[in-house]
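Please read the structure below before turning to the comments.
Chain nomenclature is as follows: A, B, C and D, assigned in order of appearance, with residue numbering initiated at 1 for each chain independently.
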Amino acid sequence: MIVILKENPNPRQLDSLMTWLKSKGLEIHKSVGATHTLLGLIGDTSSVDMNLIKALDIVEDVTRISEPYKNANRKFHPRDTVIEVGNTKIGGGSLTLIAGPCSVESEEQICEVAQRVKESGATLLRGGAFKPRTSPYAFQGLKAEGIRLLKKARELTGLPIVTEIMDADLLPMFDDVDIIQVGARNMQNFELLRRLGKIDKPILLKRGLSATYEELLMSAEYIMAGGNERVILCERGIRTFETYTRNTLDIAAIPVLKTLSHLPVIVDPSHATGRSKLVEPLSYAAAAAGADGLIIEVHNDPEHALCDGPQSLTPEAFDRIAKNLQTMFGRNAVAEAQG
Amino acid sequence: MIVILKENPNPRQLDSLMTWLKSKGLEIHKSVGATHTLLGLIGDTSSVDMNLIKALDIVEDVTRISEPYKNANRKFHPRDTVIEVGNTKIGGGSLTLIAGPCSVESEEQICEVAQRVKESGATLLRGGAFKPRTSPYAFQGLKAEGIRLLKKARELTGLPIVTEIMDADLLPMFDDVDIIQVGARNMQNFELLRRLGKIDKPILLKRGLSATYEELLMSAEYIMAGGNERVILCERGIRTFETYTRNTLDIAAIPVLKTLSHLPVIVDPSHATGRSKLVEPLSYAAAAAGADGLIIEVHNDPEHALCDGPQSLTPEAFDRIAKNLQTMFGRNAVAEAQG
Amino acid sequence: MIVILKENPNPRQLDSLMTWLKSKGLEIHKSVGATHTLLGLIGDTSSVDMNLIKALDIVEDVTRISEPYKNANRKFHPRDTVIEVGNTKIGGGSLTLIAGPCSVESEEQICEVAQRVKESGATLLRGGAFKPRTSPYAFQGLKAEGIRLLKKARELTGLPIVTEIMDADLLPMFDDVDIIQVGARNMQNFELLRRLGKIDKPILLKRGLSATYEELLMSAEYIMAGGNERVILCERGIRTFETYTRNTLDIAAIPVLKTLSHLPVIVDPSHATGRSKLVEPLSYAAAAAGADGLIIEVHNDPEHALCDGPQSLTPEAFDRIAKNLQTMFGRNAVAEAQG
Amino acid sequence: MIVILKENPNPRQLDSLMTWLKSKGLEIHKSVGATHTLLGLIGDTSSVDMNLIKALDIVEDVTRISEPYKNANRKFHPRDTVIEVGNTKIGGGSLTLIAGPCSVESEEQICEVAQRVKESGATLLRGGAFKPRTSPYAFQGLKAEGIRLLKKARELTGLPIVTEIMDADLLPMFDDVDIIQVGARNMQNFELLRRLGKIDKPILLKRGLSATYEELLMSAEYIMAGGNERVILCERGIRTFETYTRNTLDIAAIPVLKTLSHLPVIVDPSHATGRSKLVEPLSYAAAAAGADGLIIEVHNDPEHALCDGPQSLTPEAFDRIAKNLQTMFGRNAVAEAQG
């Protein structure tokens, strides 16, 4: 970290700053330039709040040289992290398809969708048991029963299951879930992240609606700092001024996150815009930009599609997309797994 | 709610939509226009997801006529909610000053700040015991010990205390806290909100970094739906493209929220920009725009200000602002309470 | 357009509204519902300002049924517009590559880049003669001389040229340019758009930094309303809170704009993020999402890359991307033109 | 400017960078630290593009020490700029009220509004003759006739007039206008700015919808670099994700711009949200935050308010606000002028 001081800094304030920095265990390399003095901080600066120093009266600017995340940082882990779940894997070159309904509604529904998406090439089943809903009056999911039904579908198809947790207290119910999802609105629920750092299960971490790349990686770091290194990053659209789509898919997040981190990066093209017609082009775009996987909403009953999100596809549409992805990009988790 | 159908809607899909709407207990008033057909939904639409209907193939647009929140809605509660805590009150015309350090650090620190801000006119003491930090490596607060020290300061000064909760599990520790704060990053931690709806204590609910007015009110509704009607809304800056300040204070939030809701609206001018020099003008602006109160960071040790946020004021600066507010706006919680 | 009135609207205000609407040549279809009254406006509402009506005291909400743009609207022109320039075409299924340096600097530079990008498959040459610069002290381009050099490069290679105009006054200098570009910062320079509507030359219209899809299409409409129907829409990144990249590429803009409009949609992956390393993945993503073309910055002198934008590629990198696009997507302007 | 190099920079690239920097007339102070090397650039860096250097492979980060604007910079002009127009002045402690209709519509209208707002304390008359409209089909203003009518109103009331220009070609028509306004959408119409730098008339420059503080100041710099130092900055709301209001007023812009620059800063509370009911609280907030003036829309015919913007006030409402401002803040342009 380099601190650029203002011209003629108040000596007492400078002294106070240097004492404080030393108390953090940092060595200071002072460099006096033509007009400005710089302080180079040597040591572990990950616990130093850059914004705090930046706002001091005597400081012109502060620049981090090393990122504040270590476990998630590609610099220290140059090789891609590949996460294996059952027969499938996420990361390292394959394009894993995760599919399933927005909410688990019945045994019939989840089992049928599971079979259909498996036939099309999905290797993981998603489905919401606990649903984060903006309104307290809206349907909040089947909860424990939803998880029970997901397991039924797993039994039937062999597909490992992914489902969202909303509070650390619910962890015991997720004992037998294969991948635990943290939703966008909980990306900075630090208590939840800390608790997930203590378990031995992959975590699918969604980017918050207005979270920066660094903040997403810091949230991954929370989990990893606890010892759980199996984190999957998920870009699912950010909030912008555009109102035609519910969110704006940040496609550059894929190559950027893969440069900064060794963790796998998947994309949710369903929530990214909230419009089912856009799932297809965005899926191809995400694969083309190097995503390690896609998590796509698929419902099985077009006649009653209302129960499902407007961003859901029919199994037929999902099948077409999965086949096209296979043709265009020649990489697919099924193929990999079978290989 | 009014649903505007596209021209020549597919009859089967229309049928499916109408059946589903009726299953939600709604009556439908169909109106056939020159080119388009409209469906007026009569009944309680608060559990109907507007985005979901909007995205149907046969639907052109959907408009809510009644807001999706009831308890928080001024239409049904025209009079201002006034929340009394100890000798002070929030809402209904007074300008309540809440002040204190970013983090509780020691008994000496919190007690001195408490006395100073009380002398200046603050009627509530704030201080962080559990600190939400972006980095897992940063100081996370004194936790239980922090709450113990806040109570010490309350004993000394008589000021009721406000402090932030980060997880529902911690609720027992907050038994003796006067107002519980929910931070911006937890505004949509629905499990936490639900739990806070069951307790008998005022909740200070901060607006999320990219939350709309409606979303903030829906989060208040979560708490109120559980039976706890004492919610204080807090505007604390939103995230925009501007990088000079950490956030952008949305000053219009004050009159808008007070129009839509009967709940008190306070402003946090410290976190709104992250720069202490802007606290003063933003405090005056917030008061001028009709805020029911201000929550301001004050630290007591300019020499070691680093331990505190860069947005903190000295007690002297806070005193000047408090006095100017009194002169300019002639309304102040102390005055009210003493009156 | 449908106007939803509030309950019990003030009769005088309603009268005034109806009189005003009729004065605009609209017929009004009034529909009285259980609680609310709706006004269906029949006729040409394109000159009616929706926001204006929405803000009236007696109005709850307003919904447009027909978009405010006609010439740019796919509803009235279902077939893709294909724009032919020299031997190449833009739109209708081909993937046109437009490439060249950020700024034209010398005859040698522009001619070499032109030859290199032509060999790789580009069918149009771009290069800035007039440069919009945030600072009045920065280099503003070679101006007339820059256009002269572009023509030299065209003579040599046969590639039609694309270059940016910054003011309608400069139009005479652009007489011999093949495609005139309007930059993001001029997207709502309505006088310029109006003037470009009167000429017979394709216009490449870039989306403003915070322009919605509808606003971009309305700017296209300005040009088309004047008689010039050859408009190419260009997504080049929007401004968000993320600071790692200069802008955020809105990949969904491609399928959305192509649904709403018949005009060709191209993507600028160079300015979208301002980082040359991201040009490759974003180019593939744009092609996969259905873009009709790409406009990419290429410089010829890595040793002096500073003169060029940091988002520029070397000719070698461009060649690799062009070849991969050909392999992956099997569609390319060269192929089309030669076919 | 300080350039922080990456560890072990490629020597040829470093050489190329140093040569280029020297060619810009800069002296380089090289400082070798424990892990990183820094380059301090001494001299006039205002023509150096920071983003360009930042994106080089060998560069970790770049920090400006001196702002890229000089004429607009308070560092070099510590005293407030006060702009005198007729009997009124803008800047330096007074609160100037500029008021008038959105569009000039008739002699009767503009003259009546002018008289009413003058009586209430406005010292400048605003009114649109050329209207920037998103739709080419919407009313574009009375143009030359509008300016003629504004002059009539000035003759009658003595109020100097402010009106918007949309293209440099129109300048001859603005010869007799007192203050020329540049709209938000033209804030980076650099040709227009350059031309306005050559005339001897105050310019009211509105902040673009997604322009940073620095970009606004750089646009002011464009005008000032040409010799015209009389620029008035205007905050008028920025574009965010919130849709309840048309824009979001950035109240912190007032103290920030006044810290960075010596130019007067005024606020447009009418366009900031597009809702007339919010004009009053936002006017008080802007005054409380230190604005040098307000520009407010006032129409004279509530029965036909539709012709005017939904953000317009009646003369009665404006009168109440003006009186309250006088009472609350004890500063007013009329008072100052008469004093």
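By our rule, a contact is a pair of C-beta atoms (placed from the backbone, for glycine too) under 8 Å apart; a residue touches a chain by one contact, two chains touch by 3 or more.
Please read these numbers as outputs of a predicted model, since none were measured by experiment.
**Q** If I list every residue number at the interface of chain A and chain B, are over half of them used by both copies, so same, or under half, so different?
**A** Counting which numbers both chains contribute, over half are shared, so the two copies meet through the same residues.
**Q** Tell me, please, which chain's centre (mean of its C-alpha atoms) is farthest from the centre of chain A?
**A** D
**Q** At what distance in angstrom does the C-alpha mean of chain D lie from that of chain A?
**A** That gives a centre separation of 40 Å.
**Q** On a C-alpha centroid basis, what's the spacing between chain C and chain D, in Å?
**A** That gives a centre separation of 27 Å.
**Q** Approximately how many whole Å separate the CA-defined centres of chain A and chain C?
**A** Taking the mean C-alpha position of each chain, the two centres sit 32 Å apart.
**Q** Going through chain B residue by residue, note those that touch at least 2 other chains and give them in order.
**A** Residue numbers touching two or more other chains: 210, 239-241, 243.
**Q** Okay, in this complex, where on chain C does chain A touch?
**A** Residue positions touching the partner: 210, 212-214, 238, 240-245, 248-252, 254-256, 259, 272-273, 277-278, 281-282, 284-290, 328-329.
**Q** Okay, in this complex, where on chain A does chain B touch?
**A** Residues 12, 16-17, 20, 46-47, 49, 51-56, 68, 132-139, 166-169, 185-186, 188-194, 209-210, 215, 218, 221-222, 225-226, 239, 246, 274-276, 303-307, 309-311.
**Q** Within the complex, which stretch of chain A touches chain D?
**A** Against chain D, the touching part of chain A is residues 2, 4, 27, 29, 31, 33-36, 38, 40, 42, 60-61, 63, 65, 210, 239-241, 243.
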